[in-house]
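I am attaching a structure below and will ask some questions about it afterwards.
Note that the chains are named A, B and C in the order they appear, and that numbering of residues resets to 1 at the start of each chain.
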């Protein structure tokens, strides 16, 4: 045993050392006939980009005769943004909200004015915020004001840790504002009342969906439309119904090229083409098939039965993300005051 | 070297092992941790104080420390029982029993959190039995404590086990020949020798519990002021790109844990001396 | 009080004299109680994992495990464990030797510093390496210039895992070696034995059980770590995803069965190491 142990330690040491050196020396050179892209994205886009990457690879090879492999990274939007800032070599970022891309821009990795580089605010596809209820809608939930009635329990993730939850929160705020003659105090009261009906604050959108569907907690889940449609498909059309409120927010998940990284790697051309192709007929169709609202008219028309028309207001109503973030979600902001009365 | 070694006793290797220990400790732990301290740019004493005295931060610390302490204590008792049975008795299935103890480490913490929530939520296997009794486990501090107990139990068993194995039979035999009953022998002869190991086990389970994130966020419900744990606050500050704020909470957490560990370790050292 | 003959854990009961045995009912009550605790605290959650994993049948289970992404995650996880466990084992033995065989000031402080990684939230455990090696970290500029990837690549994952599993072996050995004292080693040295020989012939046989536990715990934790690794991994599919991260991905894709199947793979890996330990124990007992 002693000998064996001695030998074992020596062997594993040598192994460990050789692996460390091997790992350190692996920076690959690339030929011009193949190119590699890294797309750093947020959680709910996995299915979308899995399909889109295949389509784009085929398109690019046909167009330029160049093979492109796309590496995908998914995670919470804010976390992904931090990873890029800290050196994750993303060529493109496709995140949940502009605020997270602004943060990368502030560090100088993305040039200013990124939101005008591509059409439609650099948001090739959009979504909105809707309700998911139990089959048959036993609590009779039709609109935002039904959420604060009686003992209705609402599931939404924590806006402090989830980008999606910030859209949820702002959608509720906007509704209350419009129904109270733009009185911010009334809106604040409404949102505060709403969060009193929230028994569990998950850290992410998918966690909240699981709490609602699998754990059976709550009467209504506030969710992205694409997430709601997907979870009905994946988790049971026999268990859930979708409810569209009278109005909601236009959620624009934006995309951008990470300038510093593509210039260093020499991948600008393909990276820009990758994002631009999202606006093409094929790209838009894939987005629609994955429950994102297309922005191209022809595809919109084709899928118009899948996406209900409803009154949508945009983030501009809150003065843009930077302002909304500062006012509502920063420490001591309106959201925090729901739980800790301001001094 | 030689003179130092001579002063410390006849055993060789102090310079080598101590040097290596300090070097490795610095490289892997101390230098990276000091990055935390030095990187808190924009963190003035004023801001640090504001964060340290913030009601929400205080509430989350209370939740974290109380649940971790409760879990550590319960683990110490249950862990002693498990270790005792494993060391002292032979019974069918003992090997599997022994193997099971370590599994909480192998299971990713998030999976542990999800399964525990599945068991204890209102619709879960145990949760649905408790619900009519008005007992709620998931999304309350009890749920957090349970998750931390799961995470911490191997620490206690595995620290007590080797010491229990090494206990001299002679001492016990002597006590027995002198007419001590079994319970008496246990309380006055065995237990005192186990205190240091038990305390270590508790300290490890406890400190692990304070920092735990993955398993807790699923079962805690994360309600501010009620079931929000301190590591979650760090996460939500990072999410706002508030590195300084996150660092402040992390440092505070680190400092308190460090003090508690130091106290426990010193106490344990004393106990060991008196047990000799 | 050092025992000159290390006791074998498995067969230790029969050497004890009758006076040390509890009466039958006490023994069996304790065993029953312990089994209940084990069932409730540890086995129940594991059953949930297995039940969920097999909910959709063996086909889904197997498909989840042989999925290329799962296999590459498995490879990465094993690689990380193979690198980190030996490094921390060597450290643990050295630290335990220095701490238990000699007197010096600040011993408790040193032990506490070794404990520290347990108390640090895993998220912070990852973040500190980002602060040192990340783009804006201390070494970031230099690493970038020389094209060395640390964060969001294998070295970063190894570092974070080293940090998380840092104290295990040392912590397991320190109480044990403190109990054993240093008389035997001192006797051997007085009789003229050299340092390494003393270690291999006397210390190692005395501490082998504690050492083995330490290594097993360290290994299990190295393979199961999620939080810290998640911060430094970058989540690049098929490249920097470890098994625990792959579990999370599948779970977030609503592939609950597949996700738990991969989680159960981690459990099986842990069981394999434990069975190996049992085998060692038995072989050594005779």
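Heads up, the rule we're going with is that a residue touches a chain if its C-beta (ideal position, glycine included) is under 8 Å from a C-beta of that chain, and two chains touch if they have at least 3 such contacts.
Predicted model only: the values in this text are computed from it and were never measured.
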| item | value |
| --- | --- |
| Neighbouring chains common to subunit A and subunit C, by label | B |
| Centroid-based (C-alpha) most distant chain relative to subunit C | A |
| Centre distance in Å when subunit A and subunit B are each reduced to the mean of their C-alpha atoms | 36 |
| Inter-chain centre distance, subunit B versus subunit C - centres from mean C-alpha coordinates, in Å | 15 |
| For subunit A, residues contacting two or more additional chains | 210, 214 |
| For subunit B, residues that touch 2 or more chains besides their own | 114, 118, 235, 238 |
| For subunit C, residues that touch 2 or more chains besides their own | 137, 251 |
| In the complex, subunit C residues that touch subunit A | 79, 82-83, 85-87, 89-90, 130, 134-137, 140, 144, 147-149, 151-155, 158, 200, 204-205, 208, 230, 234-239, 249, 251-254, 256, 280, 283-284 |
| In the complex with subunit A, residue positions of subunit B that touch it | 55-56, 114, 117-118, 121-124, 138-139, 217-218, 221-225, 232, 235-242, 245 |
| Contacting residues of subunit A [partner subunit C, same complex] | 1-2, 5-6, 9, 12-13, 15-16, 19-20, 23-24, 27, 38, 43, 46-47, 71-75, 80, 83, 85-89, 107, 204, 206, 210, 214, 230-231, 234-235 |
| Contact footprint of subunit B on subunit A as seen in their complex | 76, 78-79, 81-82, 103, 158, 160-161, 199-203, 207, 210, 214-217, 325, 329-331, 336, 339-340 |
| Residues on subunit B engaged by subunit C in the complex (per definition of touch) | 8-14, 16-18, 20-21, 24-25, 28-33, 35-36, 39, 78, 81-82, 84-91, 94-95, 97-112, 114-116, 118-119, 125-126, 149-150, 153-154, 158-159, 161-163, 165-166, 168-169, 172-173, 176-177, 182, 196-197, 200, 203-204, 207-208, 210-214, 230-231, 234-235, 238, 246, 250, 253-254, 257-258, 261-262, 265-266, 269, 272, 276 |
